[in-house]
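Per-chain numbering from 1; labels A, B and C assigned in written order.
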C-alpha cells in the first residue's frame, strides 16, 4: 500500500519538506484559490487527549479548504470507554472520513492506527514521542520570516533533555546547509547525546550555553521552551536559576533586531508578557503559519499522487517492546514490528530499543 | 400532525423498508448526485450519553448530503445539568434544526421527545429499548451483500435474551418470505418467548442451538453479539462455556464460503482479531453501509412527502407506567399514553405493560 | 482600533439597536437571501462553561449564514487546563477565526479577551455580569410580536435583585419613549436602587408589586424569571410565597389576550407546563428570534463598516479591582483599566467600584 501517513517528520525528504513549505506559501498568498480544494471531503479529528489548539488548527485548516470535520476531543465520550480497540475504531472511522488527524497519550499509537486506516493519517502527538506538525509549523515560520532554512544561527532554550519539539526541530534543520546551533539549558537538562551525534554527523557547528543572556546576542532565531519546576535538581537550584532561562525585556534588548522568537506553546512564564508586542515575538503568528502548514499537508496527502511517504523496512521481532509507555502494551493484537538501527532492534511504534 | 419520526423500526412497512434500502443503494452508486441534497439544512445530534460511532455516522451522513450539524455529546455539558426538561430542550432545538438525531440512556425518551419536536426526530438508542438505525444498518448490509432479504438462513449468536439488536433484526427479517433462523446461545440467555411467538406467527422455521461450531455450517449470515461475563449462571459456567460462543478461525473454517458475518459493534472478544481479514468478515464494512442507510433515512424524512410513518392508536391510561427505567418516571408532565396489545395496556413510551 | 466587540448592550445606541432589529427582521423575511452571506467565514465559540442553548444558537446562526464553526464547550478539554492565559488563547484563536463568541464564568472576561482579539468578539455571558445577546433576543421578540418597543407596560417578575437579564432589559427599554414598568418580587428580592435611578432619570413610570396575580391584569409583556429557593429569607417564607410568583393557568386567565410572556430560559417551575400551548406563551419562539438576532449581529459586526461600537473613555487606576469575581484577579497581566462614573472609579472589566 502507498504510504500517505505522516507519523514522523523524519520520514520526509528535504525535497518533500520544501514542497510542503512552497505549498503553504502559495495558500497564504491567495487563500481564496483553495476555498473549494477539499469540497465534499471529511477530516476526522480523533483526540484521545485534549489539545484545543492543535485540534482547532486542523479543523480550521480543513474548513478553509472547503472540507468538513467530524471527531471527538474527550476520551470519556468515545467508544474507547466501552473497551473498543484502536484497530476497530480506526477501521470504522476510516470508512467515514477521507483523512484522519489523531492525538493520543500513548507512544506509537499513530503508527499503530495507520496500519488499519484506509485513509491518510496524521500524527498530532503520541505521548511524549512525536508531533510532526509542530515542527512543520516551526520551519514554515522560519522560512517565511527569515526567507531561508539554511545558514542560520539557531538558539534553543529551556528543557532540552525532554523537549520533543526541540529534538525534532534540530533533526530537521540539521539537514539544511550551514546551520549552527546554540543549546541553552541547565546542565541537568542538556540535549541528549544522540542529538549531538546527529549534529556532528551533519557537520553542524554547535555551542553549549548555560546563559540565555549571553547566548542571545547573535542569533537568527531563538526557540523558547518551558522548564518545569520539578525538572530542577533541587529547590535551591530552582531558586538560583529560575530567571536565567526566562526571556524578558532586558535579555531581548541584547538580541539582534532581526532575530525572531518562536515557542511551541502553551507558554507559561518563560517569556514575559511585556515583550509580546515586540516585532520579533512571533509565537502567536507562528500558530497561523501552522494552520497554513496543515492546509498544505492535507492537500498534498489527499491530492498529490507524487507525495508518497517513504516506509521504513521492518521485520517481526521475537520480543515484545518492553517500553511501558508503548502502544504495544495496551493493544495486544499488534505485531512486534521492529527495524534495525546501528545494529540494534528498535520498536517500530515507539522507537525505543527492544531488548 | 404527519408523523416523520423514526422511533421504532416496527412502525415501517416492508414497502417503506425496501424504499429505504433502494435509496441507500442509489446513494452508494453515485454519492456525488447527493452532495447538495441537503444544502442549508441542519441536523442536531443530541447525545445524552456518548456513542461516538453512531454520532459520527449521523454527522458524516448529513455532511455528505451537503447539510451541517450542531449538537452535543456529553450530558454534563448540556442544559440538562441545569435541570431543564426534555420538553423545553426539544422545543428550543427544533427551532434551530431541520432534523434531530437523539440518543438517551432512559427508555422511551425518543418517543417522548417526538411529541414536542417540530421537526423529524430519529431514535439513536433509548436505553436498552430500541435502536432502529442499527437494524437498518444490518438489513442494508444483508441486502447489498446477499442480494436479497428473503429465503436466507440466519444465525444469531450470543446473548439472545438481552440483545435488543438481535430482537429487532429477527422481527424485521421475519416479515420477509422464506427466512429461517438458528438461535445460538446458552440456555440461560435464550431468546425471549415473545420473539418465538413472532417467528411462529410468521411461519418462520427456527432451530435452537447451544454450539456455534455446529450451527455455523450452513448459514447465509451469522450475526454475532457479545455475552457479558456477568450473564453466565456461575463462574464455572463461564469458564466452561466462554469459548463456545467465540467466533474464531477454527469455527469459521466450517462455514460456507459465501456466509457473511455481521456484528453491531463494539466488539470485545467474541470475534477473534485473526479473522478480520477474512472476506466474510463484514462488520467494518457494515458501519459504512450504516452511514449510507442514515443518508437515505435523512433524505426520506426531509424530502419525501409520501414517506409518512404510521402512528399507533393510543389512549390515556388511568395509571402511570411503573417501569423504573421509563421516561415517564423523570418527566412528570408526560401524559400516560398507552396502547392496547393482546388485551393488555402497554406504555406508549417504553412498550412495557401498564398494570 | 475600531471597536467591533459586543461586550455590553449599553454600548449600543438606540439607532444601532434599531438597526440590529431591522436586520434581524429582514433575515427572517427571506433567510435564503443570506444563505451565503458568510461563506468562507469561521466563528469560534469558546465556551469556558457549558451553555448548550446559547452555543447552539450561535452555531446555527453562523451555519445559516453559510459560515462554519470551531470551538469547545468544556473547560477541561481546553488548553486552559494546561495553564494557558486568556491572552494567549485569544491571540491564537483570533488567528484562526473571523469572529469569536465567548462565554466564561468569570466577570469581565469578555472585555479582557477583546483587548487581545484581532477579530470581533461577542460576550455570551461573563459570570453573573453581562449577557447582551439575551437582551437582544428579548427586544427582538418584543418588537416582532408587539410591533414596537415604546409605549408598553412591562411586567418583570421573579428575582429582581440578582437577575442580570432583567436589569439589562429594563436599562434597554428605558431608552424608548413611554414605557412603564411593574416590578414584581418579594421584598427581599427587590430591584436594586441603581435601576430605580435609571427609571427615574429616564422619566419612566414604575410600580412595585408583591403579587403577580394582581399585577398581571393590564400588562403588554410579562417577563418571568426564576426565584431560587435559597433566595428566600427562611423556609417559612419560601413555603408561604412559593406559588405567588409562579405563572399558572389561573393567573394567566386574568391577563389581557394580547399580553405576551417571555422567559430567558431555562425554566424550572416558575411557569407551569399547562400554559405552554397558550398563544401568549412565547418563550420557545423567543429562542428562535434570538437565533435571528445573532445572525443579524454577526452580519453587522463582520460586514457593516458603519456599525462601530462606542468605546468608553478609560484611564489606568493606581489600584487593582478588588472584586474577587473579577477577571483581573486571575489574569495578572491585565492593566488596571477603569472609568469614571458619578465621581467614582469603576473597573472597566467588571463594572464594580474600585476603592
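Keep this in mind: a residue touches a chain if its C-beta (ideal position, glycine included) is under 8 Å from a C-beta of that chain, and two chains touch if they have at least 3 such contacts.
All figures in this text were calculated on a predicted structure; none of them were measured in a lab.
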#### Entry: C-alpha-based rotation, chain A on chain C, 0 to 180 degrees, nearest 5
120
### Query
Same or different for chain A and chain B, where same means more than half of the interface numbers show up on both copies?
different
### Summary
Chain-centre distance (mean CA atoms) for chain A and chain B, in whole Å, is 42
## Note on the structure
Residues of chain C that touch two or more other chains sit at 68, 74
### Task
Would you pull the chain B residues touching chain A in the complex into a rising list?
32, 35, 50-53, 56-57, 59-60, 63-64, 68, 73-74, 265-268, 273, 276, 284-285, 287-288, 291
### Message
Quick check: in the complex, which residue numbers of chain B touch chain C?
### Response
40, 42, 44, 68, 70-72, 74, 76-79, 81-85, 87-89, 91-93, 95-97, 333
